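Below, chain A partners chain B and then partners chain C, in two separate complexes.
On to the complex of A and B.
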C-alpha cells in the first residue's frame, strides 16, 4: 500500500506548479531536464498556435510498454508510462498523431494513453479514483481504426457528458486489443449510459461486440487478488 | 414655558416617528399614500421594457455558459489533418521506437480499413 500513497504524494507536489500560467524560464529548463521522471505536469502549459483550432481541453499522449520477460508485479506501472507530448489545438494533435505509429503496428504488451492535461493514466489519480471505464475487446486488425474514431470523438467533445471524460487507452495484447474510455464518476449512471451510447455510434463496431463497464476500485481489487500483494500501483 | 415647549415637541414627534423609521430623510417631506403608489407604478413601468428580446438575451447568456463547448465532428477533424500545420514535426518529441521521424500519410486509415474489410 505504501507505493500507492507515494504515488499520490508525487501527484500533489507536481500540481502546485501547474496551476499558474507559464513558469519562469529558469524553472522551465529545469523541469524539461526532469521530463523523464513523469514530471510532464510541471512542463510549460501548451497553448493553441495563432490561427489554429483550439480544443475544449488540453491533452497529453502517453505510452507504456511492459518489459518482456519480467512479471508484471515487479514492474512499477507508474515508471513504465512515458509522456510523449501535450497539445491544445487540432493541428497540434495531428502533429503528434502523425508522428506516432498506429496501435495496430505496435508489438508486445503496449498501450497508448490520451488523457486530459493534469490527469495521469492511473487508477489512483485524483480525477480517476472514483471513476471507471468502458472496455471494448477487439479482435486483431481493428485497433487502429477504433482508436482513431475514439480519440477524435473525445477531442471533438462528442460525448456530451460535461467534465466527466478523463481519457482513453488502447492496449495491444497477445491475442486481442482493448480500447477503453475513462470517466470520473463510476456511480453516475446517466453519464456512463451516455458514454456507452456515444461509443456505439462513433466506433461503428461489429454488431456482436461486447462492452463492459469496470470501476477502478474493482480493477485495483482484481489486480491485488491476482498478484497477491503490495503494489497496486504496479503493472497492469 | 416648560409645559408649552414639551407640548410642541410631543405634537411634532408623534406622527413623524413611524415615517422616519422606514423612509430616507430627504424624501420625507413628500411622503403620502398617493406619492408612494406613484413611485411604485413608476418602478413597474421602468422594469417592463426588459421585454421578450432582452429576456431571451439573458437566458441565452446563461445557456452559453453551460453549453458552449468547443466541439468538432470527425469529418472536420479529419479535414484538418492534411493542412501543412498538422504535418510539422512537434518540437519536443522524445526519441522512441513508436515515434516516427516523418509524418505518416493518413489517407484516413484506408490501408487498415481495407485489411479489416478484406479479413471479414
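On to the complex of A and C.
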C-alpha cells in the first residue's frame, strides 16, 4: 500500500474487478474438474417436486467473496467462488433465495451468481467465451430490489432470447453495487438489444440509468493489460 | 392613421388588463391560468414581465389616442361607400352561390343576414339562420341585425378593408396574412379559415392577437366542414365601438386542415345557438368592472361569437404508412361530457356567481344539452354528473328517442348524480356492461363515492336489411374521479380499479382471440402532464414520495402544509389489484394459462412472488452450505406484506392510451380548457384511446392486422379567455361548467 498502484491492486480494482465473476485465477484445474463432477451428479438430482412449477432451465446459485487482507492477484477466482445449490422449480428457487442474505445487506467484496446448470460464472466457460454482459451500476440501496427483479425475469423466461442467457451476477462493492446479465453471443445485436430492453422494463430503472455492454474478450484483455500478464489464469 | 387604428384595436385590451389588474389587487381570488400576465403583475410572480411594458405602451397609446379620439369616432360613423359596395358585391356573390340552398321564402333581410354570416364561414351553402320561425317579425329582426351590423362595420377599424379596397378578392389573401386580417372584412377569403369574429363594444379584450402570425389561408372547402354559431351584437349605448377578434378563436383554425371530399359530409355540423339570433342580440352584455372580478351583467354591451371548430387530424403526420390494402372500416364519434348536476350546482353556487340565473336553470340547461347532443350526433356518449331524477325524467326518454341505448350508474353515497354511457343502437350492440363503485368500505383509502361504467360494444353493420354484429369489440370506459385536489392517492386508486376492470374486459376478448380497442373518457379531475395523466398516457408512474396534491395538479398546494406524500404500498393488497393495475386473480390466471399453454417455463414476477413463502420454500435445503452471514437467513413469511416486496414504487398498466386532445390550442399555444367556473379553468376531461399503430401482417389470419383506432378529427376546445368573453360557463350556449369533448375515430372492421 506504499503507492497508488499497489493500493489499487490490493483493492482488486479496475473495471474487470468490479465486474465480478471474472476469473482472476483459475489455475486450479482440479477444482474445476471437481465442480464438473459435482454439477453432473447434481443435474440428475435436481428435478421439480410434485406440483411445483418447473423452470425452463435448471440453475445454480454461486457465491464469491474476496478474502480480505490478501492481494487480489494471489487469490484464485475459482477458489473464491462456491456453488451454493441448484434448483429446477420456482418453489425450489425460493427455498434457496429465502435462506440467503439480500445483496443489499451484504458487506465486503462479495458476489452472488446465478447461472444455468452446467455453466460456470467464468469468462472462459464454453458457454461464455463468445459472450458478453450488460452491466448496470447502482447506487447503494437499490441492489436487493434490482437483483430480485433481474433473476425473476431470467428464471421466468421473460427475456425471450431462446437459449442465449447464461446467468446473472450481483456484485457488492464499496461505493456501488453492480448487476449484470451474461449472454452467449456478444455479436448477436438483436439479442443484446432485446436483453437491454427487457432489463429496462423489469428493473424499473430510473430513466437516466446507464447500461453498458461489455464482451468477455474485452474483459479478459482489460484484465491482462492491467495485471501485465500474458496468461491471466496461469494454467490455461 | 395606423397609429390610431392600433389605438382603437388595443384600447379595449388595455382597459381589460388594467381592470383585471385593479381587480387583482382588490380581490384575492385565484386567477385562472390564462391570466398569467396579470398574475405576474399582482403576485410579483415569475410568470412574465412582458405585460408591464405592454401596458405601458398601451397607456401611451391611450394618451396619444385621446386627442384624436373624437375625430376618429366621427370618421368611423361615416358610412363608407367602398365598404357598402363590397358588401353589396358579396351579397350578390352569395346570392348566386347560395341560390340552390336558399330558402325560397327567404326575404331580403334574411339573405342579408345570411350574407353576414356567410362571410364568416366562407359562403357556406347552408341554411345558417337558426331562427325558429320565419315570420315577418323575424324578417324585421334580421333587418335590424343587418343594419346595426352595417353600422358597426362602418365604424369598424379595419385596415384590411382599407388595404383591400379596390383589390381583387384573390389579392386580398395576402392581406389576410397580416395581423389585421383578423379584422372584419367582407372579403370571402377572410372567412375561409372559419375565422371567428367577435364584435365588441367596450371593455373587451384581445390579447396576443397582434403577435400571432396567421396560418396560411385555407381553401374554402376546409372551413365549411364545421362551424359554430355566430352571434352578432350591437352597440346600443353611446360607447365607442371597436371590433376585436379573439386570437384564441383564431388559433382554432387549423393550419393542418386538409382539403378533403369528406368535408361536405360534415358541412351540416352546426353548433346550437340556443335562442334565436334576434333574441341573442338583446342578451345582456358585460364589461370588466374595476371593482369586482365577476362582472355584473351590463345590458348595454353585447357580443358573442363562439366557435368550436371541427379539426381534422392531419393524416400525413399521423399515418406512418399508407395501408397496402383496403379494409372495411367504420367511423364513429365519441362525446364525453360532464353536464353539471343541478344538485352540485346548487351546492356550490359560489362557483357560478358570474352566471345570470336563467342560464343556471336546469330545464334551460337540459334543453341546450339535448340540442347539443342532437347537433353532434355522437355514436357513443359518455356523460358525467347525470342526476338520477333528471336521467329518468328527461335525459333517458330524450336519448332513447334519439336512438341511444343507455347505461346509468348513480354514485354510491348520498349524492344523486352519476355516469351514463349511451350508444347508438344502430351502430353498436352491447356485449357486456360493468358498473364500478370505487367506494370500498374495507379499504380505508377508498372511502369516496365515485363510479365508472365499462361497456363492451361490437360494431353493427347493416348488410342490406340484415343487422349484423361485426368487427372487433370496442371497450368504452367512462368515469368521474374524485374531485378533491388534495387526494391524489384516492384518485390513483380509483383509476387503478378502472384500469384493472378494463384489463379484465380486454383479457376476456383476447382469450377469444380478438383484439379489443379501447376508449377511456370522462372527468378525471386531473390536469395534463401531472402524475395521474402520466400514468394513463405513459403506462407508468414512479409515485414514491410524491405529494398527494401533485397527482392531479388541479391546484398548486406546495405552499401548504398538506404533508401527505405517497408511499408504498399505494393501496393494500386486500384490494386485489396489483401495482400493474391488474386484478390479482387475473394475474394468477394469466400466469397459469401462459405457463400451461406455452410450457416454456414462463412466469411473471408477480406469479413467482406468490410462491415466495410456499411451504416448500420455507424448508432449508439440505444441500445448502452454511455460510455465516450469507446463507443463514430464516425466511420470514411476515415480510410478504412488506410493501417493497409486493408493491413496487412504480405503478403501471399495459393499456396503450393516448389523448385525443393535445391540451394546447394550435397556433396560439394557449391552454385548452374543458372546465371553467369562477375559480378558474383547466383541462380535466379527456378522451383517451388505443391508437392505431402500423399494420402488421398476420400469417395465421392471412391478412393485415390493424389494431387500434385511428383518430380522424375532434371538436376544438376553447381557451379560458374566450370562455370568459362568453360570460364564463355555463352560459347561453354551453349548458355546463364543462365543455363537451368530441372525437371521431375509424375502426377497422377486419381487425383480428
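Going forward, the second predicted complex is superposed on the first by the 185 of 236 C-alpha atoms of A that agree within 3 Å, B and C clash if a C-alpha of one lies under 4 Å from a C-alpha of the other, contacts with A are read in each partner's own complex, and residues count from 1 in each chain.
What we mean here is this: contacts are C-beta pairs under 8 Å (C-beta built on N, C-alpha and C of every residue); 3 or more make two chains touch, one makes a residue touch a chain.
A quick note: this is a predicted structure, and the numbers were derived from the prediction, not measured.
In the overlay built on the shared chain, the residue A:200 is in contact with neither chain B nor chain C.
Of the two partner chains placed by superposition, chain B and chain C are both touched by A:63.
In the overlay built on the shared chain, the residue A:221 is in contact with neither chain B nor chain C. Shared-chain residue A:104: touches chain B; no touch with chain C. In the superposition on chain A, contact is made by A:141 with chain B only, not with chain C.
In the superposition on chain A, contact of A:52 is made with both chain B and chain C.
In the superposed model, A:91 lies in contact with both chain B and chain C. The contact surfaces that chain B and chain C form on chain A in the two complexes overlap at residues 49, 52-56, 63, 82, 84-85, 90-92, 94-101, 106, 110, 145, 149, 152-153, 155-158, 202. Listing the residues of chain A that touch chain C in their complex gives 49, 52-57, 63, 65, 82, 84-85, 90-101, 106-107, 110, 145, 149, 152-153, 155-158, 202, 204, 206. Of all residues in chain A, only 32, 35, 49, 52-56, 63, 82, 84-85, 87, 90-92, 94-102, 104, 106, 110, 141-142, 144-145, 148-149, 152-153, 155-158, 202 touch chain B in the complex they form. Looking at the complex, you find that chain C touches chain A at residues 542, 595, 600-605, 607-609, 611-614, 616-621, 623-625, 627, 629-635, 644, 648-650.
The part of chain B that touches chain A in the complex is made up of residues 69-74, 76-78, 80-81, 83, 85-90, 92-94, 96, 98-104, 106, 108-109, 112-113, 115-116, 119.
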